[in-house]
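Several structures are given next for inspection.
Both complexes shown next keep subunit A, but they swap its partner, so subunit B is in the first and subunit C is in the second.
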Partner chain A sequence: MNQNIEIPGLARVEGEGALYVRLKDGAVSEIELNIYEPPRFFEGFLQGRYFQEVPDITARICGICPVAYQMSSVQALEAAMGLSISPQARALRRLLYCAEYIESHALHIYMLQAPDLVGHESAISLAGEAPELVKKALRLKKTGNELLSAIGGRSVHPVNSCVGGFYRWPDRQSIYNLLPDLRWALQASLETVEWAITLDYPQFEQNYEFVALTHPDEYAIYDGEVLSSSGTHINHTAFEKHYLETHVRHSNALHSHSAAGTTYFVGPLARLNLNFAQLRPIAQQAAQKINLQLPLRNPYMGLLARAVELVEVCDLAIELAEAYQPAGESRISFEPRAGEGCGVSEAPRGLLYHRYIVDEHGMVRFARITPPTAQNFAQMEADLWALAPSAIQLPQEEASLAFEHLLRSYDPCISCATHFLKLKIERS
Partner chain B sequence: MTSDLVVIGIGQTLRGDDGAGLAAVKTWQQSYPDSARRSNLRVELAELPGIGLLSLLEGAQTAILVDAVRSGALPGTVHLLSEADLSNPLAGSATAHGWGVAETLALGWQLTPRQMPGSIRLVGIEAGDLGMGEMLSPPVAAALNLAANQIEQAICQVMA
Partner chain C sequence: MNKPSVAVYKFSSCDGCQLSILNLEDELLDLVGVVEIAYFLEARRRTLPGPYDIALVEGSVTTPHEAERIQQIRQNAKVVVALGTCATAGGIQALRNFTKVQDLALAVYQYPEFLHTLEKSTPISEHVKVDMELWGCPVNKYQLLELVQAVLQKRRPNLPTHSVCLDCKRHGAVCVVVSQGVPCLGPGTRTGCGALCPANGRGCYGCFGPAPNVDLQAVSTALRPAERYPGELHQLLRHISGYAPAFRQAADALPGPATPISGGQK
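After this line comes the complex of A and B, so read on.
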């Protein structure tokens, strides 16, 4: 090649997440967190589409949590059409969700947040020091991706989910074949919990309002009612009355707050704090073995919550995979009808709400998508303000890292984007 | 999955020209159907594989990645890069959520070098418009045939 070329973002578009911290006279005068939020675009993009296209289109919002977008959208559209899926289809959806949790949590715990906590600039440098740890992470992630592929037809963007169930039942043997890997993953996740407690978490406890789905009979992931640590407990159909979105000047994302005007926090910490009693015994025991004291009020300790959840979903996946016996129709036969419905599920990074209005021809007339990162946005900014007085005492580079680590602990979903966060600290 | 060669299209089809890599692989499949159906060749259309790219590379002796790139050249410029060009992970470590191609390759070379293809080439299509939407910009759409030709040439070199 005659000429050097620089390709700073070989993959996706870069620079769509940015943080500005402005100082005046030695104090923080302004903090702006700007994360590009494509779900806003998707709300328009979905209008005029046939309802059955929605699960596959919304799955393409994100390479990491496509199942979450599918599960909230199919439930919303099934509510709009007045459909109740079979217990078998519900069980398979839960298994599909386990696959997403395994791959997403393994990625975040080991490849994204752990390097921050052990002083490595990335998982690549961490792999130099602890190759077995990173290999374990990759194998865990691969196990999740293979389960996703067996059920969803593809390892990244599953295409098998539909309104009314699944286009086809996955082959029983292809699910059973994954059981040895899932059993290994359960052991690896138990080891992950014991390793996670040895990490050095920054001291940063805040008083949060935690919001998560809750379900009387299971650790809520696929569906449930909306519970807040403030005591509010509502049916998910009342979500938009209690949790409001507003535009803020510096971001094209909407910021959420409760009807009382408070910020709130969704995600693994919220789920674990609110629903510990519903965890499967093996996950509860794993948490008790490391003497985990709830509630956890330190966002960096989201890693611990993810590790406990990894045990939960691996154990649940084994049970669901062992019980998988496809029989009967994989989806309900129905004619579309006009209606409105909403659906919620717990994406790995928090509560994901969808609402649709569909006309009598099955065409989408209105779409509302409230992703977890948008809900955490105001809380992230509040945390940045809380961190700022100590962080700005540090040298520039360390201060940038401190802010970045805090944001990364939230596992923000900068969907459809480069997945890069540019940090800029201006001193005046 | 074992194969002599794997061709992997990468991109986000809802981000305009970011879908150029996938479109180029599809164009190549249509323009060179006999080549695309070789028994020792595997084709993957992987929208956003992230770190899962390593699994797609496993078992292949040679990989041809096809992706949208940004280098400052004119939109629609087709670049042909070797693994030496790709070994400097300029994609950086500030990843909030996913993994770029360069970072993923760097991790694979470091952690599991024996599972990596002996040779990796990248056909990169310079992106112009990366706004939301499914359409490619005119210069990028016009470059698909050239990109398909580059994919085919790279295959012929490998298979020769």
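After this line comes the complex of A and C, so read on.
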């Protein structure tokens, strides 16, 4: 490339961002990842709201992963008020989370990232060449959305989650009715893994610190402790001590570093690398069948990790749906009490941390939310610089695509990271 | 004949309404067969130059840049549709309109002086002429499809405006106000969701905004006795659609929480 790259609107990402790569004397002199998604101040206006209102509010942070925001917030509030939910409610929350993973991963694999790997500008244009592939993607996505609707009433901003469990047990038959679709989705996910390994991923490996939740008995999604590839293993309540979110003056953005000041990577690659042993047998076999060598250190191969996770969540969803036997109260009854608590879960794009302080009426007095994309931001920035020397050797359009594809591979959720403002990197 | 062109824009929002377009899994490939998706960054990299036949605008106006951008979009589109409650009423982020935005900024950011944000989150119609509005947080994807079809067929869309309450009666759903004694905004909220909240055993929280021609003062007077905690009804109205004039006025007439606080605590 011999001209600056100017992309005022990044495509196929959730939210609004721009990318500028500027050259000087044949080398990259400046990379500007300009996140112009406006701030929405959720942590500010959660103060003064009652706990009952919180999951409906936090869902609105992100239309693609509202369940993640509901799950981290209700767990944090339950911790703050000393509540334990029933095993049945926990199982149903896991099933709800599976539904969101199916919807979100199918969207990202086929409609947001894959077009880069198969030389198309979108799934819409890809549908002209490979209609069956796109139809499969849409049906997978629809299966996730239908399960979301069966449990939560609708797929975007479901209404059934509350502190203490669920407002109502979903009708048993409406869950069972989805089993044939889920079994189809499991087969489609296995096919997705085999298709994903045939794609030609750019060569780009970095030495990342991966951070994800971990759970002794499950592939951690709904809850767990915080594990790092550096060996750090902490209780989730110690998260803020180890992983700080700072509003860095020079960069004009909120983003996260570990306490040691290093960047880290959250999301499907981190989960798969750290928790392969907890994957369900069918997901492990799917990965072994394509001879997947872990750890994966190529962010573009996040697609492979998502594909393996699709197998995991479809298989888990079948098990949870088959076992679904609503019994007893759908939510525990309790009186609010003052306290502080945090909750973590694995949003489709990575670890999502919430902490609240509530007063004796159950009113939120303080809220802190650390979204996955905010944590990945510093790493994305570092990766852009690492990619630059090779990317600028490419023809202009290919260079632009290489940078864009790198960002898309992270599945950035810019609306989630309400904190993002404008990051301007200038190095000489 | 050229296909009519559609542009999809995002302002301050969660992305959920434009996702509703991609969630039309059974209809999407047919839809792109009859309209040209000329600008839709979340879905495609290719963009075609305007002017466009239809601009679907998700989100509210919260920054000086957005206030400028909506003017350009209006000039570049024959029909402007405000998509979803952010675009029609300012959305959840319009909760800032009832406090000082600087206080909220202090609660989130260490250096709020870096922010470029407006004091208020406002609907698209406060900035430009809007030809059609589709309410909902998120919008109902089938209502969206109906609206696009109507524009293409040059007819009025069939978008009912009765209240959620009527849907419950039609479905034969048990009334949560009567059976559980909980407040429900169903009598004052626009239809479109399918009365989801009452069907899930809880009160409606108004995410489709106020139904036209409803006496919300009367609704809130009737519901006050059902409050389970101080200021519940006020909080319900001052929520997803809180900046819609009817909800705004009804909330203003009600007492707020017992221990109100504004943002700003660190």
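The rule is simple: the second predicted complex is superposed on the first by the 387 of 428 C-alpha atoms of A that agree within 3 Å, B and C clash if a C-alpha of one lies under 4 Å from a C-alpha of the other, contacts with A are read in each partner's own complex, and residues count from 1 in each chain.
Please note the rule applied: a contact is a pair of C-beta atoms (placed from the backbone, for glycine too) under 8 Å apart; a residue touches a chain by one contact, two chains touch by 3 or more.
Model, not experiment: these values are computed from the prediction.
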Larger residue footprint on subunit A, choosing between subunit B and subunit C, goes to C
| message | Applying the document's definition of touch, where does A:V134 land relative to subunit B and subunit C: first, second, both, or neither? | response | both
Determine, under the contact definition given at the top, whether A:G328 touches first (subunit B), second (subunit C), both, or neither. neither
- In the superposed arrangement, which partner chain does A:S122 touch: subunit B (first), subunit C (second), both, or neither? both
Just subunit B (first), just subunit C (second), both, or neither: which does A:L107 touch?
both
Considering only the touch criterion stated at the top, classify A:R168 as touching first (subunit B), second (subunit C), both, or neither.
-> second
When the two structures are overlaid on chain A, which partner does A:D411 contact: first (subunit B), second (subunit C), both, or neither? first
Checklist entry - Who does A:P87 touch here: subunit B (first), subunit C (second), both, or neither? => result neither
Dual-contact residues of subunit A, meaning touching subunit B and subunit C, are 9-14, 38, 41, 45, 60-64, 107, 111, 115, 121-125, 127, 131, 134-135, 138, 141-142, 145, 155-157, 404, 418-419, 421-422
Listed in rising order, the residues of subunit A that touch subunit B in the complex are 1, 5-14, 17, 38, 41, 45, 60-64, 103, 107, 111-112, 115, 121-125, 127-128, 131, 134-135, 138, 141-142, 145, 155-157, 404, 407-408, 411-414, 416, 418-423
Touching subunit A in the complex, subunit C uses residues 10-20, 22-23, 25-26, 28-29, 32, 37, 41-47, 62-63, 65-66, 91-93, 95-96, 99, 101, 103-111, 114-117, 137-138, 193, 196-197, 199-202, 205, 207, 229-230, 232, 235, 239-240, 257-265
Seen from subunit A, its contact residues with subunit C in the complex are 9-16, 36-45, 47-50, 52-53, 56-57, 60-64, 66, 107, 111, 115, 121-125, 127, 131, 134-135, 138-139, 141-142, 145, 153-157, 159-160, 162, 167-168, 246-247, 249, 252, 254, 359, 361-363, 365-366, 404, 415, 418-419, 421-422
Per the touch rule above, subunit B residues touching subunit A in the complex are 10, 12-15, 18, 46-52, 54-55, 67, 69-73, 79, 81, 85-86, 89-103, 106-107, 110-112, 122, 124, 127, 130, 132
